[in-house]
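Per-chain numbering from 1; labels A, B, C, D and E assigned in written order.
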């Protein structure tokens, strides 16, 4: 559970609402047609920029910004070191019995260990694994890109809504007293766009990018482990390398 | 058929139209001279930035954003694996009879297999193929660039139109009642520019970029297959590699 | 002759002029002091950012956007293939008599062939040629950069002119009837800046960048040819490589 | 102590305050709700974009912009050269007694020397050290990114606050005399956002980036020293290399 | 002496002054508090983003934009070729007597030749030289960065000044006749920021970047010469390489 995503987004919206309520007449800030053009237009144009499946996938990735499901680095290092120790003591083939655990940890790790146990050459394994990593990066980058696109499009459609409102208002200037409220309504779409972009889309895109980079670091750690096992590297040295890679301080001993 | 492009762009335009109709006087939003300066100016300046053939080509690439004609990844993997199996069983020369199928799949794949069957060295094939890939990437990138340029130029010419309208209005302030409608007309070009950029050009550019990257992935898959055949790689291993490259989960068996 | 540059720029200016004439009082759009501050200021600041020779060179490169003088790709491929054929049949030294033709084609090609005939090692030739290519790229990039800089500076000086005009107008608000025309004059510099940037500088910069990339592709083709001759590569294979590099479909036979 | 950070930020705020006081009625520039939406909203949205620990860490890194705690380059060069001299004279194992000094200098240097003394191969040491460097860079880059994000978000929430204020003002235009003060209040959030971004966040982000690059240079210097010791490089040559790397002029002697 | 920097910057300022004088009441454009907040604030915030020494150094680098002190390329090529000729005829040790000339030419060249004469291996020399080059690039890049930062900060503080002025004006709307002049004064800081950025900082940053790239090219030429001497390369070939690198046409003979 990523508590910062929840607190941050909820906090930003709360502060905006408080700010509106303090100023009075909060009802004036709710406007369904304005919501339609800003949110609807932004989502429609966003969807047009991605294949449908990728867009829906990216849209749903907001759940990952809240609950990223990333493994604990220290537990992962211990786990991988144990795998390397077992392989060193009992041979690579002894890992056959743990293959389901590996797939349970991460299907990428399962694939890599599967190839290792099947006796493929390490160069072959690395080349296949790097193709997979490139694909996973591509997939996660698209999720980030969906939220970045929405972060650009909501303000853009907010501005389109405001332009439409202003043009309509300017063509009916007969009643000067309607000028103010007319402009107020026109500006609501710009406000919606700015709020959605800055309090939702940009933070979500940043958080997804953070976890994308972290996920790729774990994939590197898995591949490093497979390489270390194949080369018969000292498990303690592997532990040190993994700690360096994942940025964790480990106690010697 | 890329349904998201159609739904997205149509949906965005529909929402804009609904939003205009709700506000009343939709006729005021249709203005031929405004369309002329925004669309015409944007297209003219866009054309000046590319050679004529490339610009027309890029412009027509909007059809690819709707109907990309990309092969199915699973079918492609099966097809390529079958080619590798046949080459392994019957020898590379046996592929001679399938060369037209290869060209039908993708002319790049045809060229690569032609060279393979002709007995060229794999390094030579790769070097020639990479030149072709660079050229194809260049061509597809230009298509993306045309729509990106239009996405910048339509709002720019929208702003130019608004400036012209404002200057004309400001020089004839004798009749204050004409002020509002005058500004309304001036702002229509900015609205046109914003709509064209955000509801059309930017999504199309994004979609074309997506398919460009996908196309290059397929080219890599074709080259990988040729390399695997030349090296006599196990077709099952090739299948796994292709699946990793194209991001497809395949069932073992 | 690049017809798109001429049609595009002329078309964009024509549409702007039509749009002004339709709105009436076109004379109000011609203002010499406004032209002075926008064009003069932009050019002065642009000049300060480059050495004098490079700036003048870059400025004159607009002629290349109109008349790029690029060789025909198919003719070039045939020409280079013929050179390779002759070298294969009669030996490299036989090319001595064609050296002037090579220099006539492209002085870079002349230099490369000169070194080849003089018997320099291919690694030496490539290293020298790559230094030259880097220099040519640098020179062409500066031409692009001059127009990109002007495309940023014209709108900036347009805004400076508008600010000056607005400040002058605001300080003399005694006559309200002068407000409108005053603002109109102030806004003309912004309009000039926007037109010059979007209808001239940005398209020219894009076109020059396009031809820069194309020129570098030709240089690569020349170097590839020299390498092929040195290695005694089959001229038909060279032809195929050049076609891939330059993105040309060639008929076998 | 980085005196420029303190003088610069304090100076910028002082000039802004002076500028406000000169214009009169400074009290009007203090507005608690405006502060709440701009600062609170910016921090909340910023927090949502990073994991909680990284955000707090990055936020606290402002102290590093004031007190970076960077070692003196000349002392460091002398220190590292002395280590290399000792290793050359007495052997690598003699450095065992100094290992705590190494960890005191920099824990990265300690780790590298630990591995060197333990007799690991230099390739292994370099690979482990480079993983650590990548992690340290990642961590420091996140600190920079936090301040860059705040530098974007404070103006964004300033604009959101202004939009809210304008909409509230426009809906209550019955009393024209309230128009001016209403707009004034609405604009205060934009002012807060601009001040926080330009006088605080952007300079802090730049300073942190500067020290990040410097820190990485020191890490390279430590690794270079370990490599030089392992290879038995002449300590004077090492000194020269370190001086070049850290950009210090050293006297021969 | 770089005449373009002087003419360009002086010309841009002159055109702005002429434009102000033509419009009348030039005195209204001089406002000391506005200068204080724009220039003072920008410099203070700029200083906070760099270590003090680097900021002052970068600030003073404007002199290099006027008087870059770059060597003449043709003379440099002749000089370096002569050095190579002497080394070829009389041996590398014969260059010992010219070492002061080398340091006089460029201290980097002196260092490189010192190492060459001392008999260091070329790989060692190159590695040390590349560290130095990275440091020199870093130093020159910081100079560019200072002016780029000022080019961003002057308009930002200009906007801050305008916001302060507008808020003060809006809170005292009792006297409508003060509205215009009030806004005029508020806008002067934006004008100052725009002028300083576009007529001074941006051109200076561009010019410094140009000379940074040129300086690095010369460093490469010096290193290339040392390498050529070590390898005993034909001085005429070196000359050709240097000409290619520095983009100079040389006459054969």
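In the analysis below, contacts are C-beta pairs under 8 Å (C-beta built on N, C-alpha and C of every residue); 3 or more make two chains touch, one makes a residue touch a chain.
Note that this is a predicted model, so its numbers are computed, not measured.
K.L.:
Any chance you could name the chains that touch chain C and chain E both?
P.N.:
Common contact partners of chain C and chain E, which must touch each of the two, are absent.
K.L.:
Can you work out the whole-Å distance between the CA centroids of chain B and chain C?
P.N.:
Chain centres of chain B and chain C, defined by C-alpha means, are spaced 25 Å apart.
K.L.:
Measure off the straight-line distance from the CA centroid of chain C to the CA centroid of chain D, and report it in whole Å.
P.N.:
40
K.L.:
For chain B, jot down the residues that touch at least 2 other chains.
P.N.:
none
K.L.:
Ring chains in order, chain A leading off, chain B next?
P.N.:
From chain A, continuing first to chain B, the chains appear as A, B, C, E, D.
K.L.:
With touch defined as at the start, can you tell me which chain A residues reach chain B in the complex?
P.N.:
Listed in rising order, the residues are 33, 36-37, 40-41, 44-52, 54-55, 111, 120, 124, 127-129, 131-132, 134-136, 138-139, 149, 152-153, 156-157, 159-161, 163-173.
K.L.:
Name, in rising order, each residue of chain B that touches chain A in their complex.
P.N.:
2-5, 7-9, 11-12, 15-16, 18-20, 22-25, 28-29, 177, 179-181, 183-184, 187-188, 190-191, 194-195, 197-199, 202-207, 210, 213, 237, 240-241, 244-247
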